[in-house]
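Presented below are the structures under discussion, each in the form of structure tokens.
Both complexes shown next keep subunit A, but they swap its partner, so subunit B is in the first and subunit C is in the second.
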Partner chain A sequence: MKTGQTNIDTDWAWSAYQPEQPQDWTQRQVAHFYRRCGLGANPEMLKAGLQKSPVELAVGQISNRQESAQVEQESATLARSVLATADAKNLPAWWTHRLLNTSVPLQEKMTLFWHGHFATGAEKVKDAQLMFDQNQILREYALGNFGRLVHEISQDPAMLLYLDSASNRKVHPNENFAREIMELFVLGEGNYSETDIRELARCFTGWEIRRDRFYFNRFQHDFDEKTIFSHSGKFTGEEGVDLVLEHPAGPEFIVGKLIQFFIADEGLQDPQLIKPLAQKFRNSGLEVGPLLETMLASNLFYSEYAQGRKIRSPVDFAVGFLNSLEGSTNLLELNKGLDEIGQRLFYPPNVKGWEGGRIWINSSTLLARTNLMQSLLKRDETRFGQGSLSEYCKSHGVTTTKEAVDWFAELLLAVPLNDHKQSEIVQRCEMIDGSYETKLKNLLGLIVSLPEYQLA
Partner chain B sequence: MSLIRREFLQLTATGSAVLGFQQTAPAFWGKIADQAAGQENILVVVQLTGGNDGLNTIVPYTQDEYYKQRPKLAIPKNDVLKIDNEFGFNPALDGFSELLEAGLLGVVQGVGYAQPNRSHFESMDIWHTCQRKAGDRADGWLGRAIDQMAEGVSTETTGMHIGNRKQPLAVASRHHRVPSIRTIEQFRLQSQEKASIEAMRSLAQSENSAGDSLLNFVQTSTTTAIDVSQKLQQVKNSKSTNVIYPESELAGKLKTVSQLIASEIGARVYYVEIDGFDTHAFQAPAHTALLRELGDALKAFAEDLLEKGMQEQVLTMCFSEFGRRVAQNASDGTDHGTAAPMFLIGSGIETGLIGKHPSLSNLDNGDLKFHTDFRQVYATILENWLNCDSSLILDKQYESLPLFVAS
Partner chain C sequence: MTTCHSPLFKTVIVVVLTALFGLEVQIEVRAGDAARFFPATTIVYAEVDQPAGLIDKAQQNPQISHLVGELKSIPAARKAIEGKDFQKFQFALKVVEAKLGQKWPEALSSLTHHGISFGVDPVSDGVAILMQAKETESLDKITSSLLEMVEQDAKSKGNDPPFERLDYREAKVFKADNFGFATWKNWLLIANKSDVGRSILDALIDDSQKGLASAENFQNASKSRTENAIAWVYVDIDAARAAKPEEKIYSNRADDPGGEFLLGGLYSAFHETPYLTGELLPIDNGLKLRFSVPFDRSSISEERVHFFGPDGKGTASTPIRVPGNLLTVSFYRDLSQMYQRAGDLFDEKANDDLAKADVGLSTLFSGRNFADEVLSGISPQMQFVIARQTFAEDKPIPSIKLPGFALVAELKDPKASRKEFRRNFINAIGFFNIVGAMNGQPQLEIDFESIEGGELVTTNMVPEVDQKPDTEARINYNFSPSIAFSDNLMIISTTSELAEAVATSKERLSIEPAEDSGDVQNTAMLLSVKELVRLVVDNRQHLISQNMLKEGHTQEEAETEIDSLVKFGRLLKNSRAALSTSETTLEFTLEVEINSEKSPRE
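On to the complex of A and B.
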């Protein structure tokens, strides 16, 4: 992340957004909220969102952590069949089912954030159950206490297998986990020394995975004194984690990453902007909920610094598309597509996770994004509101290609589409031979291939 | 090699022989030939991601210290593929050993940089951009070379990244969008209807979005993707090869590079990656497999280039973000280290070991000390192979190295 100063007034930035006039609070803003804090919004959600204030909208999502009984039940059934195959390759389909049906979208979005943050890859871990269990931990603490999440993750079998720490002996300890907990999980690069890493690695000696569970092997633990960040003591692994969590650089690092995830890919990594939120995060004992409450209802969140200032992740791109139009499709095919465009769930590219932003976009992923949309639209299994696209449009009073282009643009695009492009799309689709359904699908295909649609 | 250059070289060779001034002519002819070469030479970069263990790649098989520090990981003396009386290749690198015998491989030893960073991501960024963290990292060293080579030209195929994952920062350029291509076949829009491709291209064009905005970035990336895919549909199947590549991912990527070079699409820089070198635990089997993949793939690639008559036009450079600690750790692996060897493959390069192997006794906190800055390698390649002004790309003039056979 590139840091740099902005001229944004910090007090203004983090104050709650209060639309001056009722007409300033628009469907476009509610759609912006759900693109960032959820996984897209359908017309009903947009309508309901308009009845709430920005603060109510954010608080509603943060306090709602109970998935609906129906989704839980379906998800559990799917999980049983996936885990019975013991093949981690089937896990992405299980998760996308949740992403497409969840009643608590922010919780799922944050689970996705932590999955990228504490990136653990099934390619190496292999065990589907362990990957699944880690996903449950991420969901349980998604909006909870960061410190407790770090403690859980540091003894999570999948993580320790991934970072080669499943057996750590006191002679020549393995440094991998000690390095990444500082560099990638809590502090950020540059906030520790190589000596700190070597000393922290000594704290983790004796940590093992036995029969898929965390196990402390006292015979392999180094009980001697260690010195980390100038503190000396006979620290255990848990105390080592606490020392890292108490380091002053941590809250800034996490807040910066959350700003990038929720508000803008670029241009807002300003220490002055980060500081007040980091202070709040620190004072709350590293509670994620209150931090997000400020962030996701703020003036900055709804400002021009945020709107359209993110590239859609593959999940936002494909799941967001389906969710906005109440779509459903073949989950295995959807996941094949997500893999092609660079986000195979449970298989992050490395321990740094998905970096996001412009990195999502290259010529190969762009062609694959378009191809994914074309294949989704072509499949008979893809339904909108359980019917055809034209039926779905009609049920919302949209009956012509001209009306459709306006409606889709409002539902799907983070930046307005100019009149010239709108009419070009309509013209080109009217020239196509075929049914009204074919024309509509072509029209929708063109909209989701627009550069504008790549922005969140 | 293009027909023109090949004919030119043949002409000059026979011409000078006929005229009988072979002894005096090379200086003159050589200069012209080099200029022609400079405009067509191709660099292929192979990135070994994760930190390759240099000590188990080029093995100091006569040094007791090596065996003492690595009781379980050291390669036995009798197993190494000898380069000379002190050093040998890991036995999995018979591909490299053959390339060396053929006079096509050079090993630059002890490469690194001052105040080494042992974070994968930070160190890789340093290798890619040649900038420390506080510096401007908007583009990479190859991106800057691409901007220099293609200045004022609208072509988007001066550089190409083979793969569909994250594009390496090394090829990020200010003025050109470098395409990422997994395979030529895959690099196309499913719908090949002319009208719909035309529609997408037309709708993707930027109107009044700001030059550095995200929207402008996506717009130019989209038109580049469509244009390059259309261009590639035409060059597809231009030349096939009789060389059988191994079934590995890296071999597949290099095969694509060879196809693209043969298609005369005009790229000067190709970039491929092979991941998995972060061997913290149970290193031996993983590292062996990786080195085998690397050596076998590059050997097949060299044979393919030879068969196509393109061997003089292509230089391959392999690097990793760092080497590994001298001592092994308790999980039968090695942790992040510093200096390591780089590899150059091509017909005009100085073969064998270049520079000294770093000392195993004079260490910096358990790590090897570098003696050759990686930017010296870059500078030499930029100047002598790609005909670029390296000082503009690397911010200063680095001392060049004797990597190429003097012509």
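On to the complex of A and C.
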């Protein structure tokens, strides 16, 4: 993670954003909120969001952790079907269906965050059920207590299999999980020593996976005294995790990652900026909800330091597009496309997860992004509001290509489109032979290929 | 709005065609004369001689009314009927009917009274449809009414008239951007290219006796036409092959064992045949589709004897039937010969793969040569059987319910071969258990049982220690690989139930004597649509989920589509297919029967 110093006033930064005039609270800001706290918003969500204040919007998303009964039922049905095939390759389509239909977008977005944070790949784990179970843990604790989540993940079969820690004997402690929990999951680099890792690994001896379940083999546990972060005792694995969670560096590490995920890819990693939130996080007992409540309703979140300061991840790019226009498509094919542009759900590249930021974009992925959108728009299965794009536009009072450019830009782009580009897009679309539907699809294809659309 | 549901529409087409034509329709068929109007270079030609008769019969037949009623009650059809597009179409149809002063089916019947022909001419890149109406007046009335409507519509939208009116000799021509049509007396011609249009109009007006009808291939093909064929199609393979000799179908090589097993004989046929004919025939409660190519079975090449048998008379045995039988395909294929001729039949990669496989297989069979000593012990008559399986309630029931698959083969020397196959089956199960245990898969328990005239070696998936009764178990629980021996039969099956059903069946592989004509069936297939529908019903929830993920449908839309598929399926009964040879032809036939019972249910 990049560090940096800013001259941002921290009091101002984390104070709740209060628009001075009602007209200062715009649809563009609501769209910004949903791009970051979910995966885009459709016109109805934007309209409803505009009726709330920034704080109400954030609190509403954080307190709403109960998925709608319909989505839960459909998701469970799809999961049964996908798991029946015992093939983890179908899991990404299952999750994408949930991302497209969820009534609790922030919870799903945070599940996505934790999936990248506690990266576990189905390529190695292979077992679809274990990957699914881990995903459910991430969802359950997505906005809950970070400490509890770390404890759950520590004994999660998928994670332990992924880190080659399915058996851990006292004569030869496996250091993989001990290293990752410090370096990647809780503290970040430079906040522990190699001795701490070795001693923590001894705490985890006897932790095994048997028949796909966590099992404590007391005959393989090292019951002798260990010393971690200058604390000595006959620590168990659970106590070892607690010691890591109590380390002062932990909250700053997590807050820094959340700022990068929700506010800006770069430039906001000043320790002074992070400190107040890290303190709040520690004081709350590592509750994620209150931390996000402050972050997502803050002046900084709605400021120029945040708007358009993130590169869309592949999931933001494609699923966000469909969500904004109430789209649906062949989800198996969509996920193949996501893989090609660098983000295959359930298959992170390594234990560090997806690095994100500028890494998402290079000459090859940029071309692949355009191709993905073109194929998405050409597919027979792709529909908008369960119908054609022209019908969808018409149902929202958009009847000309000029109106369509304005409307799509408002819905999809994080930064405004200048007049020259707008008229150029309209002109190019008018020159295309074909039906109004074809023109609209071409127009939409052009908009989502713009550099502006790559920004969140 | 829903998008096009391709599997559903395919089913609709089959059902409607079957319903329309499969009614013991006695139609006066005369070989169409229209071929003489099409260019001699026409590569594809098709004709329906008396569609009017079919339309009239369909309108009068109570079975059709019943079927239409059933079709309308299907969820997808009901939704489409209630939809805006269909309502618009109905409105437009009413306007047309008002202008014509007659119902649309009557108009259509009148328009096509003496037949419809269709042709593709590669020289002009032209496609043409030729119809002969009942009389000139009715044709003029229909075309002028439709033209008037189209022109009024264009005018109301501020567009130019879509058709340019021209005269060509005595014909009236109406030309649009990408196609045109012409009328002459009671003939209506629609074509995409001026050249092909002119050529056909000239032939019509000059009453040509030549054209395609004078081509030698066509004349030979016409001789094989059945009297009561509803529709007939001719394809000039000589011309098609000359145009695209690089096409795989003409290469005489499948290049891979799977393709050779299934289609090797067809590669032989298409490598040499001058033409192909196809016809649609009415049968009791259904339709028969027959494709035929000239074929000299006395001169089959050595490398395809494995497919057609000596002198081309290799005959498949009568397809086996077992409870829950979904599909049985019976083949004549001499695997040993095919394996030995691999060098001539397959490409380098396939041969390399076979060589690798040969090493493993020879090891498995105790060093015996796989082709010479193992496959040669199996008779060329073999069958592939698929049947729905039942699941015991006290055992894990898989969420996805697969049918059982079995390969049934006849052993030339059962006494010698049984032990060998039994031992290798047991070895394979042991190997599977070791690999499965390494990957956390459930284990297979092996069991032996004697039956009359043979034995069963079955397996069962062992439930996990703490496994509770489960109706959503993993897909693995569909499998209980088994081998059975009964008299001279060997059955290798994915389920013990199917192995036992075939082994204890009273039916035995039997070969029907060749017909008087000398025709023999090389491949025969039986499909029970009823069992197929049951399988779809068994897996309804899974199919709905897959539809949601693949089509992007809502749950309601997916349910409608799958339920419609089931309902359509229930309108069909059985299907049979066969690949047969005679002294002079190679023929593929497909028969489909409709279910004429009212409101068919399981």
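In the analysis below, the second predicted complex is superposed on the first by the 456 of 456 C-alpha atoms of A that agree within 3 Å, B and C clash if a C-alpha of one lies under 4 Å from a C-alpha of the other, contacts with A are read in each partner's own complex, and residues count from 1 in each chain.
Quick note on the criterion: a residue touches a chain if its C-beta (ideal position, glycine included) is under 8 Å from a C-beta of that chain, and two chains touch if they have at least 3 such contacts.
This is a predicted model, so every value here is computed, not measured.
> With both structures lined up on subunit A, is it a clash or a fit for subunit B and subunit C?
Because the two structures are overlaid on the shared chain, the partners are seen to fit without clashing.
> I want to verify the contact counts: of subunit B and subunit C, which reaches more residues of subunit A?
Looking at subunit A, the partner in contact with more of its residues is B.
> Taking the superposition on A as described, I'd like to know which of subunit B and subunit C A:A48 touches: first, second, both or neither.
Touch status of A:A48: no partner.
> Determine how wide the angle is at the CA centre of subunit A between the CA centres of subunit C and subunit B, giving a multiple of 10 degrees.
About 80 degrees between subunit B and subunit C, seen from subunit A.
> Using the touch definition from the top, say if A:E74 reaches subunit B (first), subunit C (second), both or neither.
second
> Once the structures are superposed on A, label A:V171 by its partner contacts, choosing first (subunit B), second (subunit C), both or neither.
The first partner, subunit B, only.
> After the superposition on A, what does A:L446 contact: first (subunit B), second (subunit C), both or neither?
So A:L446 only meets subunit B here.
> State whether A:E189 touches subunit B only (first), subunit C only (second), both chains, or neither.
Touch partner of A:E189: subunit B, not subunit C.
> After overlaying the two complexes, what is the shortest C-alpha distance between subunit B and subunit C, in Å?
13
> Determine where on subunit A the residues touched by subunit B overlap those touched by subunit C, and list them.
No residue sits in both footprints.
> Touching subunit A in the complex: which residues of subunit B?
The touching residues are 117-122, 133, 137, 161, 163-167, 177, 179-182, 186-191, 195-196, 199-200, 202-204, 206-207, 214-215, 217-219, 221-222, 224-226, 228-229, 275, 278, 280-281, 327-331, 333, 335-336, 365.
> Which part of subunit C faces subunit A closely enough to touch in the complex?
Against subunit A, subunit C makes touches at 1, 3-4, 398-400, 439-440, 464-465, 472, 474-476, 541-542, 544-546, 548-555, 557.
> Hey, which residues of subunit A end up touching subunit C in the complex?
Its residues touching subunit C are 74, 77-78, 80-86, 90, 93-94, 97, 126-127, 211-212, 328-332, 380-383, 386-388, 391.
> Can you list the subunit A residues touching subunit B in their complex?
Its residues touching subunit B are 2, 163-176, 179, 183, 189-190, 194, 265-266, 308-311, 340, 342, 349-350, 352, 355, 358-359, 361-368, 370-371, 374-375, 415, 418, 420-421, 424-425, 428, 431-432, 442, 445-446, 449-452, 454-455.
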